[in-house]
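Okay, so chain A shows up in both of these, paired with chain B first and chain C after.
Coming up: the complex of A and B.
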């Protein structure tokens, strides 16, 4: 089919006689494309962020806090009793005391470095203080070196500032600390905390995220072999599959009744931690999705409205064309093609605007730059939306009877 | 005349119900989405204490690591103070009013043995806190400066805690057991929730206010834990709570009240001379970098308005633009459809300006309908945001009178702006050409 058969010339000249309507639709399509493509890009980024794994057995893990208030409360004895009680409960895989919970939003971080001395820069990592049951309770896989044993574990008193001699770190942190070494060979090396306190890397675990999901170093974690003799402590409990919800009230009850000199509080599952930590991202995804859908509908309805109007206005012309021998297909094609021309201008303009908005977002809100392939996909989508929207009115136009040409309106 | 135009407008709207409904819906959706995001941004960037926000200043001094700045991206000093600075600057008393503060928490044991002990959040602060921030009192008052220094066991409760522990009665003078110690209640606050919670944006700019307020130095006395954000560049020298308190870790906020720019300059001078003294003692190795920021400057510096909220604001404005373009197109269609009628009226003597006003009234009616519907949609949208974000946005999803006026005004202005070109086109129809074709 040659260009002349497609009647681009007459369509274009007709469009030029009624520029404003066409321009309005083109701008609408351009802005709609800008919003939709940027939204999709943000949605994809956020979803990718949300699918990252924390490394722990999220579905079967919960945690609970205990705050002592009674005078002369013996923290060490209480913690040992609590752990014995928790570990003996049927359905509990393991339980530990821990200073902070992965992806929960609050915790400790320290800076670690490979050379001693205040003049060297360190790399930030989350710190988890755990005992020899830590790897099992957190569901971590040891991929190099050795796990902690009972004799490695020490008590940290309140206000105590020195560090144990050993640590287990994540693979991601090992690779960041020693970029030139094979990660497996990092076990046994020494790193420094507090500028110059040595810690020997006893083992490496596959994956464990920091408490803060938005942190650049979220994959950096260090396990420190210790229990905390603090008045406010937290226990993390891993259960057998399906046992979590049954065990939660039992654990709360058991801890509350075993010692009246403290309160238990903050009973929460790791699944809930995830939901809270990613709530902003998940909300943004839902809002942007809604906006995209409504916006597409509005733009499509606008196209339908204007196309119907222009069909109505040209009823007599269409009838005349039909009477002069134009087929129904030709009429349908005319309106589809007209819309295609308008959409093309719109999406071309929209592509530039999309990149423009992305540049603004990158500069103002440190979003990442958009991948190129989003642009053509967006263009094709808007073309399709335009064609679908105009199909109804075009079909109506095609059904106009040739006899109408003989009537006066 | 206006009444007649209104009648004509309603008639015209009724004649094309689908087209009119489309326009109202488009404006409503645009206004609804913009008003939702405007509300969230407006409340996030609100001045939490308008009567005094230019007299309250947040204090920053650069006590950070000699070898690396607190913030790699800019030259800002740390956003909190050490215990040493907080207590020294308070002791100097160089401002009209001043308060250092910190967040903490402790267990309350209600006197009624049936009520379980529970944990409450604490704001450790000074007597000046209450007059500085105009806190409303339901009963009693804050403590006096004597109690600050004497480290009295006095406490101000929020209304919620007073309801919980004392059943809402006037508890001033009564005892309450906190951390195993007997505290005397001196005051009960009425509902007080500054949005943003400007006095401590480090620990959640839209968090609830703390449940208890007590003298700052009790931190040392009772070894109260750090609940807020704590940052250290150097580990404490020595062991124990006191060593930690005297370390270079920052965990404290400080506000001063200064009445004019001269006092502000004087206070900054004082900070500089204080830091010089400390430098002589071997601390503060970084270049002199002290700051005073008033409330709104501090909100700006701490980027209290969330990025996502701003992104959505801009997207919703673009959304509104699409809806308006849509409306322009539809109005154009509608008015062109009326060209015969317009031609007739012109021929019968109606002036261009008569017709212009008539059609503007018609667009304004559509705009207002869209605006009212849009506000309803905004309420729905805010509820949606409330459901999606949970308690975090509890104080950010309420439409107030100003916002309703802004919403209706925006819809009116937007719809009239959208109506101008179609109206102008409609008025310029030559009467003769229209009458001929009939």
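Coming up: the complex of A and C.
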């Protein structure tokens, strides 16, 4: 079958003379493609965001809060006793007091800069206050410099605003602070907090995310060597693999009974934090997937409807074609080709609309610009949907008997 | 050219069995012009459908151009229709969304001719029926007689050896009918074998040979008197 015998010209000319149905389907295909391609792009983006690693051992980590209410409660003593108790529990790898938990949704942030002075702009970073066990409890990999030692750790009192002299930062933050330096060489350099307070970068860890997963600086984190002598504190506990769920009630019970002057609450795993933080993204993916499926089905049904109507309307014409020598395959090809032409117009408009909608989304919601390859993939997908949808009616048309051509009714 | 021996065709429903053709015997020689008449429901159209390979049959033998067509599959039958048979239908059966050029082009594309060859044949056949200057018109822009001429051009474009006409003048007034009949006679004189089913005994008389179908069987008619008698029977 040569290209000239494929009836592209006659089909196109016939469609142009009877174009309302075809145009409606082409518009439907264009809109479907626009929404599907942008939805897939958003879904892929969200999925990639959701699968980013936080840097901590999420599967084996949980945290719990402690709020003192007793008069004359000695926070420092209580925290030291709690940490000793937690670290001694069988199955616990390590435990720390921490001011905020990665990807939990709430925490502290500060602006850090490489030159002292209020006139210089800083770069935001999450702040985690940890002791010398911080790296082990968070399961962080030190890739340059040194870890905190016990003598580095200080107590922060309520209302205290100054900062320790040392810090450990993430590699991503180091690269952002010193874009012209090799990240490994950043260890030992000085950065400034509160405009003028120097902090020497003691070490660099591979990865640690901020508490806020939607934050642009989510990969920026700074570990400050201190414990908080606050009435409300939080402990982060890392367990041996598989021990988390068993240890959670034990830890809760142990803390509750070890000191009656406080209440323990807010027992939660890091896996739950992830689920809560990404709940919006997860819901968005489900909604977009549902919309995509519904749109695809509606479009496919539209194509089936138009093709079925067209076959029923043209039964005699199909019989005549068969009488004139069209094989069943030729009739099948005719309808598939007709749909392909309609779909081609639809996906061509769809490609332009897709880019247009993406520009709107980029401007309105700060989304990324769509990658070019989504467009051809979307076009091929809609072509395939069209061909699959039209196959049934086309097969029905191919089965129309040629003898119908001689029927007068 | 066409030889049917004891051909049978039965239409069956759950409750009814209708014998459309019973031991149907007919031979049509090359270059013949046969008019087939008969009352409604006699089996004329069934005969035409079987002769044109539009329908299969249940018994007997049918040879078209020396080939036994009993065991051909659908694709082979389509190819044979396309190459050897031209059809003219009572309702013209032109495709309304295609202009005359594209209508005549339909069977030629199935034949696989090149674009240039198709164009040559389309122009030639539309010239023959006097409509070469209307190629870009749609069927709806033509009179009934002109539409039937386009259908004839479409049937002739593939240069078939065998033309089957199903009531070709049935939807035309007498003047147009005579004009179409004269065109068919000219085509026959040029060597194309024609079998024409008609109700019109006057037109039938203009064919070289007349057969009469009744209750699915053939009677050969030899004279105008026979034809008139058959028509009034």
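Rule of thumb we're sticking to: the second predicted complex is superposed on the first by the 403 of 409 C-alpha atoms of A that agree within 3 Å, B and C clash if a C-alpha of one lies under 4 Å from a C-alpha of the other, contacts with A are read in each partner's own complex, and residues count from 1 in each chain.
Operating definition for what follows: contacts are C-beta pairs under 8 Å (C-beta built on N, C-alpha and C of every residue); 3 or more make two chains touch, one makes a residue touch a chain.
What you are looking at is a predicted structure, and each value in this text was computed from that prediction instead of being measured.
Superposition of the two structures on chain A shows chain C fitting alongside chain B with no clash.
When the shared chain is aligned, chain C comes close enough to touch A:401, but chain B does not. Of the two partner chains placed by the overlay, only chain B lies in contact with A:295; chain C stays clear of it.
Comparing chain C and chain B on the residues of chain A they touch gives the larger count to B. Contact with chain C, but none with chain B, is seen for A:17 once the two complexes are overlaid on the shared chain. When the two structures are aligned on the shared chain, A:69 is found in touch with chain B, with no touch to chain C.
Looking at the shared chain after the overlay, A:322 reaches chain C, while chain B stays out of its contact range. After superposing both complexes on chain A, the closest C-alpha pair between chain B and chain C lies 10 Å apart. Overlap of the chain B and chain C contact sets on chain A: empty, with no shared residue.
Note for the complex: chain A touches chain B at residues 20-21, 24-25, 27-28, 31-32, 34-35, 38-39, 42, 67, 69-71, 118-119, 121, 157-161, 194-195, 231-232, 263, 265, 276, 279-280, 282-284, 286-288, 291, 294-295, 298-299, 301-302, 305-306, 309-310, 312-313, 357, 360-361, 364-366.
Chain B meets chain A in the complex at residues 19, 22, 26, 29, 33, 67-68, 106-107, 109, 116-119, 179-180, 223, 225, 234-236, 239-244, 306-308, 310-312, 314-316, 318-319, 321-323, 325-326, 328-330, 332-334, 336-337, 384-385, 388-390, 392, 421, 425.
In the complex of the two chains, the chain C residues touching chain A come out as 45, 48-49, 52-55, 74-75, 78-79, 81-83, 87, 89-91, 93, 95, 97-99, 102, 105-107, 109-115, 138, 154, 158, 166. Put simply, chain A touches chain C in their complex at residues 1-2, 4-5, 7, 9-10, 13-14, 17-18, 316-317, 320-330, 401-403, 405-406, 408.
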